[in-house]
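Presented sequentially are two complexes of subunit A, the first with subunit B as partner and the second with subunit C.
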Partner chain A sequence: MKEVLIEVKDLSVQYTSEGKEIKAVNNISFQVNKGETLGIVGETGAGKTTTALAIMRLIQTPPGKIRNGSVQFDGKDLLQEKESVLRKVRGNKISMIFQDPMTSLNPVYTVGDQIAEVIWLHEKVSKTEARKKAGSILELVGIPAERGSEYPHEFSGGMKQRVGIAIALACNPQLLIADEPTTALDVTIQAQVLRLMTNLKEKLNTSMILITHDLGVVSEVCDKVAIMYAGEIVEYGTLEEIFRNPSHPYTQGLFNSIPNMNKKVRRLTPIVGLMPDPTEIPSGCSFHPRCPKAMKECKSMKPGNIQLNGEHKVSCHLFDETVVRGRVETNEPSTP
Partner chain B sequence: MFRFVMKRLLMLIPVLIGVSLIVFTLMQLTPGDPAQIMLGPQASQEDIENMREQMGLNEPIYVQYFKFLFGIVTLDFGRSIQDGQAVITKIFEHLPATLKLTFAAMVVAIAIGVPVGIISATRQYSFFDHTSTIGALVGFSMPNYWLSLMLIIIFAVNLNWLPVSGYGGMVFLILPAIALGTQTAAVIMRMTRSSMLEVLRSDYIRTARAKGLTERAVIYVHALKNALIPIITVVGLQVGVLLEGAILTEAVFSWPGIGRFMVDAIRAKDFPVVQGSVLFIAFLFVMVNLLVDVLYAYIDPRIKAQYK
Partner chain C sequence: MSTNTQVSNELPLPAAKPRIKKKNPYIDIWYRLLKNKLAVVSLGVLVLLVLTALLADVIAPYPANEQNLTNILQAPNALHWLGTDAYGRDILSRIIYGSRISLQVGFVAVTFSVTLGGIIGAIAGFYGGSTDNILMRFMDILLAIPGILLAIAIVNVLGPGLVNVMIAVGIASLPTYARIVRASVLSIRDQEFVEASRAIGESNFSIIRRNVLPNCLAPIIVQATLGVAWAILSAAGLSFIGLGLQPPTPEWGAMLSEGRQYIYEAYWVTTFPGIAIALVVLALNIFGDGLRDAMDPRLKQ
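Here is the complex of A and B:
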């Protein structure tokens, strides 16, 4: 059994906008073991970024608010600790790579200074030493150390994301949260950046949470996968379990909407409809209005977390024996 | 950078020609004959005519204008009609007082505007934010001559803390600087607030927080430098407003600056003095804004790259 690095339990985050409550993340739980990579997959607005920011307690309050839950890390609950304790965790033990490298670096400071800043902040070194170390980290991500004296606008998008990675890895964090690190990049650069991240992660023995909407990226990098929909984790399992046996209708829908090289199809099968408005999440299973296999129960009852085999868990009534057996006994058709 | 400054200095020429043209025309359009004013109501028609000839007022207007323009090039702004002194020496006599007042007013404005703006932005919609917004509105709406009089009544007449008016040490500077700087403080405060609010929402601020920096470092190191561009733009433009406001403030506080000197000159239709002073103030204003543009480059490397 591997050692657990971080355990998130019953995390809920809400935003308030114009008096309305937006339930961005609802009671999600997951854990990441040491050295492992967890992929969090979902559409835009599923609550992936919010989850990541909540772990580091970087949600802007207001409008955001962490309603309940705990984040166990290093024997502490990060959601209960003082701000000063969290500052020692951020950038040091848990660090983050952001989605848009174009806007994530401060335009008025050199990249070298921006990397050195985080080293100087967390490690007891002088500013000159920090700058020297920043240079060697730049080399590590494949940028000549001399370019540390340049400003972000002098770098391309892919290079900027490398700088972002350098900042994140500067203090050898135990956990790296990568929030769609390749979404804003060209496909060729995506592969480079992804390879760089996984190499460094292995070299430094860092665990990682990779947030993405790209199942291709997940298959290359992740050990565990969590599928998020409307602020909930609807399916969780090892990479193999999810890819071999996608069980939740939403997960199946995601896989069906990827073009398959071996099959000739005229059209892809998208998931019908749109992500629900987070101010009005549907009753019961939040996916039921879009679900091709929705039953009567799905509208009224929230599905529980059902253990399939191994680590594979799914929250769907189709796998709930009491619901399915009840249907067989009353002889109801399985489609409404 | 050097080339940029040189280019901007060259651009000063058409600006100053434009200003000189406007001032010259305005002076021509104001009623009253300088020669007559100079000689007084008892002067005979003949004396006035001689005076006009002597002052070059009988030459065609365009000739008068070009004479004025060529004078400027050699830093000769002519002589005052009132006392025959060279305009340039009179300007240099009165300018230091005005610069002192303007500078002090700007210090007051920045010292109040920037910190209050930053705190308002970091605590958006808090009690402090609402109070300072109302304060800015009040500060901006008060005409500065009225504020000057109120300050005099409260602090000089009733409390007797500061002198009513006059020129001298620091104590004389306090009231006029506050009176003149209040509007500018309000403008700078609002600009700082909105600029900081925008910067604080940006992704790199989130990156800075994710590094584990204190909120103080996030605001003063990462946010403020980015928020400065619009703030110093406003500061540069407000220099013009202050120079203009100085005219009234100087009148109220009997401050011997260029503003009061110009008001007196306008009344006496002392056109060489008015033209020279206006040109000089325009020159100062343009120079301050050139300085602002140069400062941009030191704050933002992206702008510096454009200057090459």
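Here is the complex of A and C:
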């Protein structure tokens, strides 16, 4: 069994907006082992980014608030620690790659200085040494060190994201959180950046949480996959388990909506409807209004986490034997 | 377990020894400023002014307060290039000495208000909420009174004199800086790179200092150069109405005031100090604009 690096338990985050409570993340739990990559997949607004920010406790308060839960990392609960302790963790042990490289770099400092900043913050080195190390890290992500004395606006988008990766890896973190690192890049650059990230991750034995809505990216990079819907993890398992045997109707819907090269179809099959308004999450299973296999129970009862096989977990009544058997006994045709 | 987490494999850094040259951003700014002809000219005027102020004792043809009652209200001539005033004092010399006072008032007052106003604005903008409300409502109170009137009131309370004029002018322009800094901070605060710097473990203070303030430097600098101009004007105005520097101090505003009785007979007594004020204020304004263009790396070609 591999060593657990970070364990998130019952994490709930909510935002308050105009007096309404928005439940962005509801009681999610997962863990990441050393050297592994967890992919968090979901639609826009599923709570992926909020989860990532909550792990580093970067949620803006107000309006955001971490309701409950714990994040065990390195023997500490990050959600209970003091701000000063967290500052030593951020960028050093857990670091983050942001979605948009255009805006995540400070326009008034050279990129070399920005990389050196992290090193200087967390390691006891002189500024000259930090700058020297920053140059080496730039080379590592494939940018000539001389370009370290240039400003972010002098770089292309893909190169800026490399700089973002360089900043994230500068202190050799144990966990890398990549929040849709390739969304803002075009496809060829996406591949380059992904390859770079996986290579470096393997070299440095870093664990990674990759947040994305691109299942293709997940299949290339991840070891474990968590599918998020409306702030909950609806299905969790290894890459194999999820891709060979997608069980939750939502996951199946996601896979069905990907165009298939071998079949010529006029239309893709999308999941009907939209993500629910986070202020009014439906009762019972939050997916039931869109679910093609919804049953009576789905409306009233929240499905628990059902263990399938291996690490594969799904939160759906279809797999809950008591529900399914109950239907059979009352002679009601179940509609899976 | 704990020993295990300590084992960190070092980054496999490339063998070559690449270096990042520490590039001084101000050198860049300087070169970009040099491309702006008008800014260079106004910078020249300002440098000249500073030199004049520093070397006043050497270059002034006469002592500032030397009266020569046989030579009163002389038109500009070879001995007195800009003429003499009602006491026979050489106007050129008085303008030269007066530049010291104008510069002092301008720079000290602006430094005072930029520092204090900047701190107030940065705190208000960054922390928001009730901190913001209390600080900015206090600034609004100051802003409700016209600047020059506020300065007059403060000088009235403190009494005339160089230091009091600086304090008065500084306090009167405080809300302008506080508001500018706050507005810039608000627009910078929610940018992703601020979040990113929080994600690398920077403290609030360091984020304000390293990320927020440098990004709102451009409007502050422009406002500060304009502010020097305003401070010089205000100080001259205060002296003109008799609340600032007292005679016989050679102050440009006071000189205007003294000369206004003779404006029909001796235009030079008011004209030349007036031109001095106008020139300096104009040069500061143009230079401030040029500096703004040069300092914004996004405008870089």
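Things worth noting here:
To be clear about the criterion, the second predicted complex is superposed on the first by the 334 of 336 C-alpha atoms of A that agree within 3 Å, B and C clash if a C-alpha of one lies under 4 Å from a C-alpha of the other, contacts with A are read in each partner's own complex, and residues count from 1 in each chain.
Following the convention adopted for this analysis, contacts are C-beta pairs under 8 Å (C-beta built on N, C-alpha and C of every residue); 3 or more make two chains touch, one makes a residue touch a chain.
Here the structure is a predicted model, which means the values were calculated and not measured.
After superposition onto subunit A, the modelled positions of subunit B and subunit C overlap sterically.
Once the two complexes are laid over each other on the shared chain, residue contacts for A:Val89 go to subunit B and to subunit C alike.
Which of subunit B and subunit C touches more residues of subunit A: that partner is C. In the superposed model, A:Phe30 lies in contact with neither subunit B nor subunit C.
Contacts of A:Phe98 after superposition on the shared chain: both subunit B and subunit C are touched. In the superposition on chain A, contact is made by A:Leu58 with both subunit B and subunit C. In the superposition on chain A, A:Pro107 contacts both subunit B and subunit C. Look at A:His122: by the touch rule set out above, it reaches both subunit B and subunit C.
In the superposition on chain A, A:Phe155 makes contact with neither subunit B nor subunit C. The intersection of subunit A residues touching subunit B with those touching subunit C, taken from the two complexes, comprises 56, 58, 86-92, 95-96, 98, 100, 103-109, 117-118, 121-122, 151, 153, 164, 167.
By the touch criterion stated above, subunit A contacts subunit B in their complex at residues 53, 56, 58, 86-92, 95-96, 98, 100, 103-109, 117-118, 121-122, 151, 153-154, 164, 167. Subunit C makes touch with subunit A in their complex at residues 1-2, 4-5, 8-14, 16-23, 25, 191-193, 195-203, 210-211, 214-215, 217, 297-298, 300. Looking at the complex, you find that subunit A touches subunit C at residues 3, 56, 58, 74-75, 86-92, 95-96, 98-100, 103-110, 112, 116-118, 121-122, 128, 131-140, 144-146, 148-149, 151, 153, 164, 167, 169, 172, 174, 203-205. In the complex of the two chains, the subunit B residues touching subunit A come out as 202-204, 206-214, 222, 225-226, 299-302, 305.
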